[in-house]
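Pasting in a structure now, in structure tokens, and then I'll have a few things to ask.
We call the chains A, B and C, going by the order they appear; numbering starts again at 1 in every chain.
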């Protein structure tokens, strides 16, 4: 599944409906569904929909999460703030088409390992039990630019 | 599986025996066991039993985890401390039976995404390998009140 | 799979090739691969290889992660800094062959629950999709001494 992230702020994309449709098509009744992303600045989480929106379109709880991360792992503003990206990685990334400012995404790499790369959800009676208010969100913590991203959905069971 | 959480502090419930019994009953020898919770203020983690207890009945390591979270994501004392819950969510929650103080659980929502909603554990020879001292804990970070909570256990394999 | 950790700093071990070989041998084409560790001071994460190395042999991003943890959950220097290990656990550990300094690993226990005990990765067409630069790392956050550690790899599917 493809997602286009935004730049300038972390991207949160609600993908509950897409995951539910994938499970329905799979025909699997009992088992697990793994929703994951291989991008090393991205995460998958389940959380409630918190309705109220900030000026830049984030749900309040998403903005609160961002605020917590600004204290723990501040947004990268300049080289030297973190060790990563070092000179060798900067050169390597340049050879693979990234500009210098685009490699200043250390915060996104670190934030994504705290939230995790996947969610594993039980499938019961052919559907997902997310409780009354739960949703699945794909997050791209890299705010250096908009990008095309991939989410993988795997359903296993009978 | 049902668990009744406590109010006034985060709830930690050791569920190792229940998970082991579930696997034994499943008859599955090799595969994985997913222990998860759909509540968006709750987590599942594996950790050692740290024996010594605080005055309020938490194992020392659980109290240490709580202390870390008080620095990173302090307990919600009043509205405005976090953006969540905003006015629309507060109204929505009221319609679904929650009082205003009960919606002041932002810390619990945020803490739960840091610790994660599930553990995926290998099943080998019909049993769980948790090492010498490992245990499975269900956590409810929401300390606004005691609540009935659900943990889901899924075993897959042959 | 056995890994020997180092002392004096957190251990990071890249295990991507070993996991890929295990999947190839399993003959499974479509499903999931769970890479996990039962040690309660250890984690598994996926992250990019950040090439540049610090004086003590850590990739820059690994050192950055360590730096973040020093703020949030500082390395244990002396008893009383955290509640864990309490007197009962210290005595219990002594009976199981651990010296007093070796029980001063509270930071490692807490750090490991933030990063998580496992990764669940989709297997497609008999292989792992880790993106262009993704790798799998085993981490031992316990730096009190070198130790023999275990990583478990489970592949499920058809």
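Quick notes on this structure:
The definition used in the following text is that a residue touches a chain if its C-beta (ideal position, glycine included) is under 8 Å from a C-beta of that chain, and two chains touch if they have at least 3 such contacts.
A quick map from chain label to UniProt name: A, B, C = Secondary thiamine-phosphate synthase enzyme.
Values in this document were obtained by computation on a predicted structure and should not be read as measured data.
Interface residue usage between chain A and chain C, two copies of one sequence, is largely distinct: under half of the residue numbers at the contact are used by both copies. Annotation, chain B versus chain C: rotation angle of 120 degrees from the Cα superposition, expressed as a multiple of 5. Distance from the chain A centre to the chain C centre is 22 Å, each centre being the mean of its Cα atoms. Residue positions of chain C with contacts to 2 or more other chains are 72, 114, 116, 120, 156. Those residues of chain C lying in contact with chain A across their complex are 30-32, 45-48, 50-52, 54, 59-61, 63-65, 67-68, 71-72, 114-116, 119-122, 124, 129-134, 156-157. In the complex of the two chains, the chain B residues touching chain A come out as 34, 36, 38-40, 72-73, 82-89, 92, 96, 106, 109-110, 113-114, 116-118, 120, 152, 154, 156.
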